[in-house]
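Quick one: the structure is below, and I'll ask about it shortly.
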Amino acid sequence: MSIADLKGYSVPFSPRGDSQVAGAPPWHFGVDVLAVNFQTDPEQIRKLLPEPLELSRENPGGAYVWFGDWQGLWKGREDMLSLNPERCLYTECLIGVRCSHDGKEGHRVVYIWVDKDFSMMRGWFMGFPKKIGKVALGTTNRHLHALNPGMPACGPGSKYAAVCEAHCERLVTASIEVTREASPADLPKPFGTELYHTIHYPSADVDGNTVPVAHQLIQTVSSKPQFGQIWEGKGEVTLHTAQFDEHYDLQPTSVDSAFIIPVGFSILGNKLVHSYDYGPEF
Amino acid sequence: MSIADLKGYSVPFSPRGDSQVAGAPPWHFGVDVLAVNFQTDPEQIRKLLPEPLELSRENPGGAYVWFGDWQGLWKGREDMLSLNPERCLYTECLIGVRCSHDGKEGHRVVYIWVDKDFSMMRGWFMGFPKKIGKVALGTTNRHLHALNPGMPACGPGSKYAAVCEAHCERLVTASIEVTREASPADLPKPFGTELYHTIHYPSADVDGNTVPVAHQLIQTVSSKPQFGQIWEGKGEVTLHTAQFDEHYDLQPTSVDSAFIIPVGFSILGNKLVHSYDYGPEF
Amino acid sequence: MSIADLKGYSVPFSPRGDSQVAGAPPWHFGVDVLAVNFQTDPEQIRKLLPEPLELSRENPGGAYVWFGDWQGLWKGREDMLSLNPERCLYTECLIGVRCSHDGKEGHRVVYIWVDKDFSMMRGWFMGFPKKIGKVALGTTNRHLHALNPGMPACGPGSKYAAVCEAHCERLVTASIEVTREASPADLPKPFGTELYHTIHYPSADVDGNTVPVAHQLIQTVSSKPQFGQIWEGKGEVTLHTAQFDEHYDLQPTSVDSAFIIPVGFSILGNKLVHSYDYGPEF
Amino acid sequence: MSIADLKGYSVPFSPRGDSQVAGAPPWHFGVDVLAVNFQTDPEQIRKLLPEPLELSRENPGGAYVWFGDWQGLWKGREDMLSLNPERCLYTECLIGVRCSHDGKEGHRVVYIWVDKDFSMMRGWFMGFPKKIGKVALGTTNRHLHALNPGMPACGPGSKYAAVCEAHCERLVTASIEVTREASPADLPKPFGTELYHTIHYPSADVDGNTVPVAHQLIQTVSSKPQFGQIWEGKGEVTLHTAQFDEHYDLQPTSVDSAFIIPVGFSILGNKLVHSYDYGPEF
């Protein structure tokens, strides 16, 4: 059999290409984000930035959490909501940090949990170091609040929490108390800076060759985002201690801002920034 | 210890009343529903209507599925979205049938799956025969569609599916192709008819007394609903065969109508209609 | 339709009785338990004992956690392992306390989490105040350890942990370090004492009648247990703080004993001890 | 920051190496397998064998399903059962086919579902094309059966089923009716033949370079297996149709044999067989 007779952007390959865990870019997203931007110890961020990345020059202690309720489509299955919504809807919690590359401001997602396999693997193909977790967001489907006799419509004074759990531990909680409507122009960086990620697939070579199968620093190339109705507020974030997660080290020292951000965009693909022929110790 | 020192509308009772699976009515809901109304064999409906309920006189073969993305609050925790959204958000799939009682038109949920324990038990307290299942809806958070470069805004031509699984089996799928915006006045019955449910708690008496601990026919008392933007469309529904579920018997013979319905309302409580001192055979 | 034409020990009732969440007693169980017996403040136990239950006279501060990997069958479906094992296998974490009734020593499960709906509801029918949680046990299927090149066979020196999570929070962890093989005669109370539980179904009466639909103190009647190979060890248990669970109050002051206990038994049913015409405040 | 200051066999990299989804080989396993060996249309197998793999010469239509309850450890965390068992216990369903390479008999897992992220990613590092699914096995922890008053001890006449679900669809069911105890010598091939897998990581290059980041045919190198008590029986297997899985094409034409196999072994790593500079169409 020729591989040309198998189909799939990703494994499992199959005769018709339907078994693959996730299809090819461009990937089209709509997401409702609860974002909290905060300050942490720059030395803790530095520990998470491999060369040639460096601390942000503008905001060396800048970090953020994004809780998101996502709708994500791959090429050829833009109609997935009409086929099996379970395969394009997912929830996610990520922790990002500011950084710079060659003098250019950027950011990087360092820890991230998602509740579906297709999103996990698609993330890996883009350098997001995703693991499986469970996420709940109080901001989901909030157009319903105005109809619910037990709560007010979303607006100043509304309070929402979000929570992320994995491996039977609570990992991250965040909350926002809405203060005012905001516009896209109000959104602070990292919006508008470059996103730098690591694509890393380890070697399991039996002869002890530990050079990774692939190890690249890449930049994510996205389309211009489109925004819905944005809310600003007072934010809180807690990074909980965990047996086998180290995000706690990025403990917030203060909160900069918090937003509810409905946004859509396409990820067009990766641009190679740097190749490594080695990886971290293990 | 006096029971008066324990607290809880429901078990587990605890000193402060925080451990309980679900709190007391009134219960306040906002929900985004994907509803498909269909016709099935009235003889199959008849088999699911215990005395004194009878077939609907107007629409004896009338049945419906509701897939719903729910926000449900209990008394004293109306702020749950700001504390742990995981404890008030849930998804649900239900199958209902038309019926009548004493000449009055009504309806009844005969099979229903939900993804959270608090909703399952609160449902039991109201006579919904809930089991745990997994549900996904393509209509969730659809205000994001207009932002997603890969799909059109919700409107005529939009297609959405929904799916329900339990015990490793796909049980129900439904879909809608939106044709037009609609108004609350367009919503057909069972909207506006009474809801009749069975509260039944079996006996596990060791001496063979099989009289249920409780067995009542009740009527649900709700507040007037408030509606958001409603869409009408062409609907489809499939009831899949299953090893240990009998909903397949309600197979649709034709589809009457389909709607996307954002709606909010309060359930105030139950009104006793009939008491039984016996239960079904087992 | 006569109710006699519907079937089901529990809802949902259906024509053939296959839709019910759980079938009738006797219920037959095999379970692999990781048990840690500990001491806590008797005043905290007292707060969880409704009249007419009282503190244990022998061991007023006696409490225990059981993590269990269960196989549970109901009448008429003793062959469930050959049909859908997902419907009879489940994992559970429970916290129990010693108590007494009318001078007789007993015990009572005060908090309990389980991962399946059929076990949750069957538990409610017996007065176990079950909620849904996620449980993992290191002792599961341990006959495999002797085959795994990475770990020793179960025996002195083996260490195992267990963990329970619900609503995105870690609730309970326990562990054992095996010291010796033990026999059924080595198992301390509460083995051999009576089990007292509360069956409580709240009223949702719209007219404000808060008298519970049912509220009984019952005693569980079981068959004589059969034991497999028992291991004793040094135990640890941690009750974690939680937003909406109060088990933390039962914090261990010391650990009495710890065991791995494979055991089988049947639960024949409930024996009524006391009826209440009132319930706790809410 | 030098990458040497980050740690991790796999991402997410972190200062202490605890955040990684899975650690390095050797990987040590104990597993309880329910295996059913069957015949399918060799032309369907051929479609799943990329060059240079060819159909098995001995058994061109040979295929199998393995349902497994796994305990899997990585280097440096051989004590995981005593820390968080949730991170080393998992369940899995796989479908494999016979094949040959350069005249040597082999086999290959073509579709596989697992319930945990660490197993999914570790599988990818070895070329198993894993997706997330839910799996239940009737053979789990079967030493308890002899203690359960509702079922017989495992032995001739015992019947067990297993089921796999993903994305809200039932995908695979299998069952065995035990006929006799067997020995390792009774286990048919593919036991004892080589295992050939594809490691494939797709490119998301924004400039349209579709050459995979990595694409290799590798051979798995394992230690000699150690077996527990093996049972042979009459097997059945059903591959269910699915919206987005193509395993149905491997429909069984007859069943060859079925076994319950407790087995332990180490996977030492991969041996490169072939490199590709292209991938399948997508």
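By written order: A, B, C and D. Residues from 1 in each chain.
Following the convention adopted for this analysis, contacts are C-beta pairs under 8 Å (C-beta built on N, C-alpha and C of every residue); 3 or more make two chains touch, one makes a residue touch a chain.
Only a predicted model underlies this, so the values are computations on that prediction, with no experimental measurement involved.
Here the chain-to-chain distance from subunit B to subunit D, counted in touching steps, is 1. Centroids built from CA atoms put subunit B at 34 Å from subunit A.
Separating the CA-averaged centres of subunit B and subunit C is a span of 29 Å. The set of subunit B residues touching two or more other chains comprises 83-84, 86, 134, 136, 163, 168. Under the stated contact rule, the graph of chain-to-chain touches is complete, every pair of chains being in contact.
On the side of subunit D, the complex with subunit B involves touching residues 134, 136, 163-165, 168-170.
Within the complex formed with subunit B, the residues of subunit A that make contact are 26, 28-32, 69, 71, 73, 78-79, 81-86, 89, 134, 136-138, 140-141, 143-151, 159-163, 175, 223, 226-228, 262-266. Subunit C makes touch with subunit B in their complex at residues 1-21, 23-25, 46-51, 53, 83-84, 86-87, 110-112, 116-117, 120, 124-126, 129, 131-132, 167-168, 198-207, 213-214, 216, 221, 243-247, 249, 268-272, 276, 278-282.
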